[in-house]
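Structure first, then comments.
Chains here go by letter, A, B and C, matching the order in which they are written, and residues are numbered from 1 within each.
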Amino acid sequence: MMKQRYNTSFWIAFAIVIALLILAPLVLPEFWRRFLTEILIWGLLAMSSDILIGYTGMVSFGHSAFFGLGMYGAAAALLMVKPPNLWLAILYGLAGSAIIALFVAYFSTRLRDIYFAITTLIFSQIFYVIIFTWTEVTGGENGLSFRRPEFGIPGVWTAPFTSATLHWFVLAVVAASYLIVRRITQSPFGMVLQSIRENEARTRAIGYPVERYKMVAVMLSGLFAGLAGVLYAIQNRFAAPDFVYFLISGEAVIFNVMGGIGTLVGPFFGAAFFLAMREFLSRMFPYLASVLGIPQLAEFPYLVPLGIIFILMVIFLPQGLLGFAKRWLNR
Amino acid sequence: MTSHATSPAASSAPLVTVEDLHTFYGKSHILHGVSLTVGPGEVVGLLGRNGVGKSTTLKTIMGLVTPSQGKVVFEGKPVTGLPAHTIARMGIAYVPEDRRIFKLLTVMENLRTGLDRAGVTEARKQELLAKLFEYFPRLAERRNQAGGTLSGGEQQMLAIGRAMMLEPKIILLDEPTEGLMPRMVGQIRQIVDVLHREGVAILLVEQNVPLTLEASQRIYFMEKGAVRHHAKSSELTVNDPVIHQYLGV
Amino acid sequence: MLAGIPWEIIAIQTVNGIVTGMILALVASGLTLIFGIMDVVNFAHGELFMLGAYIGVIVLGTSGSFWIALVVSTLVVALLGAAMQISTLRPLLGRDPLTTILATFGLSLVLQNYALWQFGPVARKIQEPITGHFQLFYLDYPWYRLVIAGLSAAIIAALYLFLKYGRYGVWIRATTQDRVMAQAMGIPVPWVHTMVFAIGAGMAAASGVLFGPLVGVNHAMGLDWVLKAFIVVVVGGMGNLGGSILAAIFISLLEAYASIWVSPAQAIIVSSVVLVLTLLFRPTGLFVPTPK
C-alpha cells in the first residue's frame, strides 16, 4: 500500500473556505445568509448522493425519501416533545431515515444499475404517496409546521438560534459530515466501494460480500441525507410532502453531476452553481420582459435554460465543474 | 456474385491496403503496425497463432474497431474511422469468427439484412437468392427456420451467404472452418473457390494450414500484433519451417 | 357478490382496468422498445405523452377533428423525439448508461417546465370524438372508453406487424439482437436508433391524445404515467414487448380492483408491491419464462 502523503494544499484550501463561510453571516444581508445556509444543506444532500454515485457506482433516485423522512422525523420530535429539543430532533430524523435506508437497501442492493435506479425512484414515490395521504399523522398536503428548537443542552443551558448562530451550527454539522465521509471514502472500506464501482464482478470474484458493502453504503448515504433533512426542518420550521417528491432526488443528482461526482466537494459547488443560476435566471427574465416589452417572458421558468445547461454539461462536461480536481481532492 | 470477374494476379492497384495499423482494446496494445494488401479478386491468407491480432485486423478493416494510428484504404479511398455500415455498403463484407448470425431471425430474414439495400431491384434480389440456394440447398430447405435452430455448419453457410448478399468486392472470413466436421470443411473450401471464380476477393484468417495454402494465392504471417512475413502460397509447403515458426505446430 | 362486493362493481372495474391497461400498454411499449434496442431509460417519456396531449388540444382547436389531431400529434412528437435523440442521445452512445438517464431526466424537466409556461397551469380539455353511452349494469358507460382500448390494441398490433414483417422491422430486430453484426451488414444502426426513439415517442403522444378526454391535459400529467410505465416495463421484463402489454393490463386490473377500497392515489402502492415482489422472485420479469 502506498503511503498517503499529507495533502497540505487541500487542508489549506479547506481552512480558507471554512473561514470565509464563518465570516459570511457577519457581512452578508439576511437573504444571502439564508441562501448560503441552504447551499450547505442541499450540498450535504447531494454529497450523500455522491457516496452512492461517485464512489459505489449506484445511481439512486431515492434520496428524497431519506431527506423527507429526516425532515418529518425531526418534525415529529419537535412537535411531540415539549420543549422542542434539538438533539432529539436530530436523533428522530436520523432514525427515520435510517429505517427507510435499511428498507431500501435490503431490496435494492440486489439489483444492478438501471433496475436499482428505477426501484429507488418508485420507492421514493411510495413514501411520497404515504406521506401525502396519511393526513392525520403527516399533515398531508399542508405538511407540518413547528417551532425552531434552541441550541444547547436542555436543562443546563439553552439559547435560541440567531440567524448567524444557526448558520454556524449548520456549517459545523455539514463540515463535520464532509470530513467524516471523506475519511470513510479514503479508508479500506471506501476503497472497496470504489472497486465495486469500477468492476463489481471482479470485486465479487475476489471474495468481497458486495451486497453487504452496498447496503452499508446506502445506509451511510441515507443517514447523511436524513441529516440534511433535519437541518432543513430546523432552518425552515416546516415539513412538507414536496420534499419527498422524486424531483428532490433528481435535483440532488443534478447538483452532484454538475459539481463533479466522486469528489464529495463537487456536490456543494454543484448546489451553489444551480441555486445561484436559479436566482440569477429568476431575476433576469422579469428584467428582460420589462426591457423587451414581452410580458410573458417574465414568467419564463428558470428550469428550461438551467435544464439545457445541465444536459449540455452531461454531454460535454461529464466530469462536472470540479471533476478536473478529483484526484487532488481524494488524496 | 459480382458482375466483374477479373483475373487476380496481374492487377496493379490493390483493392484493400492496410498501412501501419495500431489498435488498442482499452490499454492493451493489440496491433503494432499491421500492413498488408489484397488485390482485386485475390484470395489472401492470414496465418498466425491465437491472440496474435488476426481477428482484430479484420475488425479494424471492417470499421468495427477504430485504430489509434494507421490507414485502411479501399479502392483508393481512405475508409479509416468510417462507421461499419458505411464500409459494408462500400463493398466489404465480414464473416466473424463465431458466425454471429441473427439467431432469432429466420434464414430468409438473415439474408434480407444483406439484400435490403438501396439500388437493388427485386429481380436482382431473386437472382441472388436463387444462386445462393443452388450453392446452399440446405439453407433453401430451412429458409423459414430461425437461425438459432441451425447446426453449426449450416450457421456458417448462412453467415457466408448473408455476406454474399451484400455483393461485396471483398469478404473478410474469420476462421470459417473452426469447429466444423471434415465434410463441411470441404464445402467451405468449395465456397472459397466459387467466390474466387466470381471475382470476389477474400482475406482469409484460418488455423487450417493446408486449406489456406490451397485456397490462397498469397499468405501473410502475423506475430505479436504485426505482419512479419509474406510469401506466395505456391512457394510454401505444409511442413515449411516458416509455418512452424509462426504457427508453432 | 364476491367478498361483499357486488358483481357489477367487479365487472365495471374489470372493464376500467382493461381500458387503462391498454393505454398504459401503449405508453409502456414505446418505453420498452427504446430500452430493448438502445439500452436507454427514457425519463422524458411522460413528457412526450403530455406534449402529445397538448398538441392534440391545439390541433383539435384549429381543425375541429379529433382524428386529425391524433395523427398530427403523433407525427409531430415522433419528429420531436427524433430530434431529441439526435441532439442529446447520440453523443452519449457508448458512454456510461447513467448519462442517458441524466440526459433524459434533464429533457423531462425542460419539456415539463416549458409546457407549464407555454400553456399555463390550468388543465385543458379534449373533447372526446365519440360521445354516447351504453348500459353497463347500472352505469352509463361511455363508448369512448372502449374505443380507446380498441385503438390502443390496434396501434400495438400495427407495431408488432411492422416489427415482424416490415423492411425496417427486420433492421430493428437485427439491431436489437446484435448491434455490431447489424452494422457489419450495412444496417445504419444510428438511424435505426433514431427511428425507434421516434416510434416510441409517437406512441407516447398517441396515448396522450387518446387519454386526453378522460382527464384534464396539464403539464404534470406525464409524471404519474412515466412511473407506472416504468413499473410495467420492469415487471413485464425489460425489452419484452409482449410482457409489457400483459404487465400493463395485469397491473391496471389490480389497481382498478384496489380502488374499490382505497383511493386511486394509494392504488400506486399496489403496483409498487407487485414490482417489489417481481424484483425479489422473478427479476427478469413476471411474464418472461425463467431462463433455464
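The rule we apply is simple: contacts are C-beta pairs under 8 Å (C-beta built on N, C-alpha and C of every residue); 3 or more make two chains touch, one makes a residue touch a chain.
What you see is a predicted model; the values in this text were computed from it and never measured.
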> Two chains share more C-beta contact pairs than any other pair here; which two are they?
Replying inline: A-C
> Of all the other chains, whose mean CA position lies farthest from subunit C?
Replying inline: B
>> From the mean C-alpha coordinate of subunit A to that of subunit C, what's the distance rounded to whole Å?
In response: 32
> Can you give the whole-Å distance between the Cα centres of subunit A and subunit B?
Replying inline: 56
>> I'd like the Å distance between the centres of subunit B and subunit C, where a centre is the mean of that chain's Cα atoms.
In response: 44
>> Where in subunit C do residues touch two or more of the other chains?
In response: none
> Which residues of subunit B are in contact with two or more other chains?
Replying inline: none
> Inside the complex, what are the residues of subunit A that reach subunit C?
Replying inline: 53, 59, 107, 110-111, 113-115, 117-119, 121-123, 125-126, 129-130, 132-133, 250, 253-254, 257, 296, 299-301, 303-304, 307-308, 310-311, 314-315, 318
> What does subunit C use to touch subunit A in their complex?
Replying inline: 41, 88, 91-92, 95, 97-99, 101-103, 105-107, 109-110, 113-114, 116-117, 227, 230-231, 234, 238, 263, 265-266, 268-269, 272, 275-276, 279-280, 283
> Inside the complex, what are the residues of subunit B that reach subunit C?
Replying inline: 62-64, 83-85, 88-89, 93-94, 96, 100, 102-105, 109, 112-114, 116-117, 162, 166
> What part of subunit C is in contact with subunit B in the complex they form?
Replying inline: 167, 170-171, 173-174, 177-178, 180-190
